[in-house]
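Following this line, the structures themselves.
What follows is a pair of complexes built around chain A, which joins chain B in one and chain C in the other.
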Partner chain A sequence: MARMKFLLDAERCIECNACVTACKNEHEVPWGINRRRVVTINDGKPGERSISMACMHCTDAPCAAVCPVSCFYTTADAVVLHDKDLCIGCGYCFYACPFGAPQYPRVGNFGSRGKMDKCTYCAGGPQADNIEAEYVQYGSNRLAEGKLPLCAEMCSTKALLAGDGQVIAQIYRERVQKRGYGSGAWGWRTAYRETVAI
Partner chain B sequence: MLIKRSEARAGKQRLAAAYQGLSSGGLDRRAFLKQAGVTGVGLAALGAIPLTTVRPAQAGPMNHAQPVTRVKNICTHCSVGCTVTAEVQNGVWVGQEPTWESPINRGTHCAKGAAVRELVHGDRRLKYPMKLVGGQWQRMSWDQALDEIADKLMAVRQASGPDSTFWLGSAKFSNEGAYLYRKFAAFMGTNSVDHQARICHSTTVAGVANTWGYGAMTNSYNDIRNSKTIMIMGGNPAEAHPVSLQHVLAGKEINRANMIVIDPRFTRTAAHATEYVRIRPGTDIPIIWGILWHIFENGWEDKEFIRQRVYGMDDVRAEVAKWNPAEVERVTGVPGAQLRSVAEKFATQKPSTLIWCMGATQKTVGTANVRAFSILLLATGNVGGDGNGANIFRGHCNVQGATDLGLDVTSLPLYYGLAEGAWKHWSRVWEVSYESLLARFDSKAMMEAPGIPTTRYFDAVTLPKDQVQQRDNTKAMVVFGHGGNTVTRMPDAVKGLEKLDLLVVADPHPTTFAVLANRRDNTYLLPICTQFECDGSRTASNRSIQWGYQVVKPIFESKTDYEVMYRLAGALDKAAEKRNMPVRFQAEMFKNIEVRGQEPVAESILREINRGGWSTGYTGQSPERLKLHMQHQDKFDLVTLRAKADAPAEIANDFYGLPWPCWGTPEMRHPGTHILYNTNLPVKDGGGTFRARFGLERNGVSLLADGSYSKDSQIQDGYPEFTVAVLKRLGWFDDLTAAEKASLERHFGANIDSASWSTDLSGGIQRVAIAHGCIPFGNGKARANAWNLPDPVPVHREPIYTPRTDLIAQYPTLPDRRAFRLPHLGQSVQNRAKDLAPNFPIILTSGRLVEYEGGGEETRSNKWLAELQQDMFVEINPRDAAARNIRDGAWVLVNGPEMPQGKATRMKALVTERVGPGVAWMPFHFAGWFMQEDQRSKYPQGTDPIVLGESVNAVTTYGYDPVTFMQETKVTLCQIRAA
Partner chain C sequence: MRALVLALVLIVAAPVAGHAQTNPQVSGTPTNPTSMLPPVADELEVIKALQGGRVAGRITIPDQQAANLIQPQGRSWRDFHNVTLAWVGGVAVLGMLGILVLFRLSKGRVPIEGGASGRTIQRFNGLERANHWMVASTFIILALSGLNLTFGRHILLPLVGPEAFTAISQWGKYAHNFLAFPFTLGLVLMLLLWVKDNIPNGRDVKWLAQGGGLIGNAHPDSERFNAGQKGIFWITILGGAAVAVTGYMLVFPFFFTDIAGMQLSHIIHSIVSVLMIAVMLAHIYIGSVGMEGASAAMTTGQVDLNWAKQHHNLWVERELAKGRAAEPPASAKPAGAD
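Let's look at the complex of A and B:
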């Protein structure tokens, strides 16, 4: 079985935000919830790099480790999903996540959190694949249709790669060998406890 | 919890709450359908869908049990030409999938392209025709709106003449829409018809066409993959053309190419460069001459290329000699050593390409800048081959096509100009008499005089009548697809708009035009659908033409450009009849165009373009061929754009999108021209030479190429453009078929010898020339000296508002002059500005954000995009911010030297080293706040964009290029203070 991962090539990311709007468009994510976002470091200075960021679908996901209601589960493709019917919006996962992935809609006037929402790797939720109930809670399920996450598919410079970890690591490796530079597969050590050796 | 906006009320409410206090209320498509029930509008929007399916007419989700139709169209934002694959169910656009097979975008998009589906869900679109009555918007029917508009237009035409109407068209038109609009103005009897090219690349078109023949990108985005040195000057494609970076970065990676960015601002593009050069805004020519100084000094120029293919390079040497490293550093701030390294790379690590955008063009010296850029390419032999060339990134999705098709005050479609010969050519194509066209104008002189450009329309309204060289001031303005905040000097524009007798805005959104001025009556809004709701072709920046298919029927009561023009022509007929005016429109204009119901058919309009577009090679791209290319996108090579070996016979050997010139008739099967002026290919295979359009000789020096010719040419030297006379002299006249000769005979009679490759409607002259391996437009030299321009060899001229007042005496702007029917007071304003400069110590420049486009009305109404950029801001250097006690994210007030006393604009500060000390930068997409007035309540209910903000053009100032009246947006002065 494939082990699905994201890989962001920071030498290619230009902060065009296609990944952000592709995600919004595909899942109709409401204003204020960002499953994916682009962060720019050293903005406006030499060494500036942009990084597209979402849930990385970690190996031994820390969110799952701290969840008091055990709403997280990992699919056979190693995608980390959660069950919104179990989620109590406690926010523990937000504190545990090294990538700031969990998002919470505000449901009241006193800052109370609604049920957590995050990137599903375009793999929906615990319901049957591609039924309306799944779409309403989690968005579309592209993986079930044999497609990859739309953010990576639409990335303008093909900086964001999604797919089987070994395949995308190989694509990245070849790229770095060809061009002679690369700042590493961003976030891999944290998420997957490994790096891409060139 | 993720809430589907089409299903769950809560989501809608929460979204609404996010804009609380911002929105003047509204109606989304679903609510609209619900209210409209099953009558009229609802049905029109849904087309032939049975009534029982009205309920599922919502954004999603996709019903996986139902069939899905996939429709291809082209993204309606920048000029890269990304294919959009829409998934349609029950007449509703429910999903968007990557288009892997497109050789241009290979499935990818930027933020805008990935969010286009939202455009046709239209929560904030204009829903029906409206007019202002006593300052209030009122709904009206299409028929009534068009009748009233037509009557008022004819009243203006009767009282003040046709030139008192101003027709502003759009780079968002399809080719067919653009062509029809130009034709419309011609039938109205005025040349005052313009569009966004005036304010984006008009100086490129003028400068580049005056150098080597055509004013367009010479190569393609894909071809940049072949470059070894990529120089980007005055452009930020990472934000303005994100998908182009896929090709640029591929070139950088695969060839380990140099990527040099020259810009006042350390842009997102600069972040990926191998070398970044920061310059003072407005010093492009000194930089280029500084680079050339090193090239000439070290003998790095391409001497053979210059000898064979360039005229007047010695005149350039004389000017360049003045720009030694010390003088360049004094004027531009760039050290000599850095430019030496740039010069060496550009001249010796070839192929090198030079990419530019509006940083070069939107200047008082725009044309001269572009000329200098072209000369650098010529001097280094970097034109006409793989991986080199002038890769001019155009701005809008069809600004190339709209420019080609003559939405330009100086030309009829396809660069024929306005001289009698041009009118006669188009009268033959349109099958109307030249005399009948002449009768539509005030006079023959006005028929051949360039019209009022969009940068100055308000001056034509407000200046004293005797200063505007036409019968009367501009009185009526019709705007299709154009923002009201895109032109400089907005405080002056307000006065012009208020004085107009009639203002018509035809657009998917109300635009800034609807709210900027305090008009109370005689203002109409017509809802036009987007290009996703319409068939038609569009020309990407690389001259490839792509056919877009209608994804869904026009939503709400919106109509296509074609239908509105057709019906307006009909309404004008009625109005003319009522007023006993002899002029008529509809029957003659649409004489050879198929009309279905009330809608002209796009394919039929393109065929008319094919019948007339000889000068630019718009003749071979029949709708059938373009559709085949869309169908077989996967059969084209990523780098060469050539059809691959396994391509079906009907597209074999073609270049993707038949990039113009695609010579001859469609039946001739010319493959299009991927790289212009490429002598390495035979003409029939897409090769060519520099165009011989400037005569045969100048002061005894030949202007024809010297020993250079395209592959397989039977004339192995320079030659003039082809006419019947030239064919006869060469003994090739009898290669014409009987039918071709008969056509020439019929159209030219006794003057047959004067018929040329660009006026012969049979295409015979082109066919014969190409059969002999020759290019129809002749084989000439490119001009380093363009003697017909104000500065034949570009010279540095300080911006009108410059902080370096000490340099004005040595490098003054051009003396005052007249052009385009108006006075041009550059030097007077510069002399006055000199005294104002100390009070405005910061240079203000402007540019694009990736999330928005153009005036921004459409993209700021798209919630996926609006969420990403919620505030207008100004970038300011930490040093300047500290001196003014301005913190990052704080509100600031910005004012400029031409703003009314005591007024200022209010926006947020972004304190960043991206701009250098003494320089501030603003995005130009915002509007809806005007000098601190929030104009949200002035929009018709529910059509206000989600995000409003101050416009940079409230601050920008006087300044125009002498050749095209391009506005200066890149260098002015301002003062910033904490709010």
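Let's look at the complex of A and C:
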């Protein structure tokens, strides 16, 4: 099986936020929840870069390690998913996640969190593929249809790559060699304990 | 540990970042004068990782928490939650239980010297007892639902299965959130009711030096509360305050603080809580099975006079002098009534 990863080429990202919009639309993500976001660093200064960030589907995922109810699981494609029927909305995964990926709808008393929502790598949840219940809870399951995550598929500059880690690393490697510079595979060190050797 | 991780990051990351920027053999294109430029994105990540800092930027969505791109501190928090807390909590709670079992086996139950007298004296009034049990009952539920978050997945989850465990934990979370309020109210009342009898003084030093309470066999002079009880009182008040403040930070997420503050709140909340649980186990022991006559103080509020004289002689003298000794039981006949 493939080892699915995201790779963001910050030299190409133009901060159009289409990935954010596409994700929200594809999965009908509720108001206030952003499974993907674009952060601009060094804004307005030389060296400005924009990075589209979502769950990186880490190796040895911190969220899974700290979850008090053990609701996370990793698929054969190395996609980190969780079972919302088991999640209690404690918020621990957000404290542990290096990327701020987990999101919580505001429900109930005080600021208490509903069941966590995060990027599924367009791979749905634990139910049977592409049934109504899965769509309502997790959004569409493109991976089961043989498609890659929509955010990367529709990225106009192909800054955001999704797919097997070795394949997308090779694409990025060729780009860097061709243009002579690169700003690194964002978050790879943190998520996968490796980076793209050029 | 952290230094080791950083050193590793340095070894792995530094040459790679250098390559990507400046390697002319690979690119074949004119070299960029990178030394002239401000740090670009990836270098920033490496620098921040080495400093243990967060990488943050600007974001266009309303949730400003999302402007944090990478927070490496999550890894330290994970280590704390999964390793440090589990060990401290496990050793504190199980260690205390072990000590209490050994104590009971070696020393047995502390008896009332000379047996029960049959005459009682009021030790705690209705308000004091009601407040004590409000704090105690909420504390027990808060403690169990809190311990469940750290240890439940290892102990309870394999026994009851994921669905039942989630139901238990979900109710535990609601209980934890709501019972925080009566618990805090009880602490405030407790402070107001008992603080005047719990100011530490020279007698406490003497009491400790003479080995009062559980450890020694002596019965040094004691007022309404001895040094051990004063210790429990201040642990409850100060520990409770720390747990309450950090707990409200956690129950209103990101309302008062940012991600670093949330992590720190959790660390203080959980460590103080497990230590308080260990202390309260000892308190429960000595107030119930560990000492004859002690539990009456918090159930009926009437303690046996001999028990009171044994443990709180100065208080008894003061109470008797005030002429507020409890009525003798109905069965006791006044002298010369026959």
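Just so we're on the same page, the second predicted complex is superposed on the first by the 197 of 198 C-alpha atoms of A that agree within 3 Å, B and C clash if a C-alpha of one lies under 4 Å from a C-alpha of the other, contacts with A are read in each partner's own complex, and residues count from 1 in each chain.
We adopt the following convention: a residue touches a chain if its C-beta (ideal position, glycine included) is under 8 Å from a C-beta of that chain, and two chains touch if they have at least 3 such contacts.
These numbers come from a predicted model, not from an experiment.
By the touch criterion stated above, A:G100 is placed in contact with chain C alone, chain B being left untouched.
When both complexes are overlaid on chain A, the residue A:G32 reaches chain B and chain C alike.
In the overlay built on the shared chain, the residue A:S183 is in contact with chain C alone; chain B does not reach it. In the overlay built on the shared chain, the residue A:S70 is in contact with chain C alone; chain B does not reach it.
When the two structures are aligned on the shared chain, A:T195 is found in touch with chain C, with no touch to chain B. Of the two partner chains, chain C is the only one that A:C90 touches; chain B does not reach it.
Within the superposed three-chain model, A:M53 lies in touch with chain C and out of touch with chain B [touch as defined at top].
In the overlay built on the shared chain, the residue A:K24 is in contact with chain B alone; chain C does not reach it. Residue contacts after overlaying the shared chain place A:A10 against chain C, while chain B stays out of touching range. The interface of chain A with chain B overlaps its interface with chain C at residues 17, 20, 32, 43, 45-46, 49, 178-180. Chain B contributes residues 1-8, 11, 14-15, 18, 59-62, 64, 95-98, 107-115, 117-118, 238-239, 242-243, 245-246, 249, 252-254, 256, 266, 268-269, 271-272, 276, 850-851, 863-865, 867-868, 912-915 to its touches with chain A in the complex.
Chain C contributes residues 9, 12-13, 16-17, 19-21, 23-24, 26-32, 34, 37-46, 49, 55-63, 65-72, 74-75, 77-78, 81-82, 148-150, 152-153, 157, 162-163, 165-166, 169-170, 173-174, 177-178, 250-255, 259, 262-263, 266 to its touches with chain A in the complex.
Across the complex, chain A meets chain B through its residues 11-12, 14-22, 24-33, 43-46, 48-50, 84, 105-106, 114-115, 117, 130, 132, 135-140, 147, 150, 153-158, 175, 178-180. Across the complex, chain A meets chain C through its residues 10, 17, 20, 32, 34, 37-43, 45-47, 49, 51, 53, 62, 65-71, 83, 85-92, 94-100, 109-113, 176-184, 186-187, 189-190, 194-195, 197-198.
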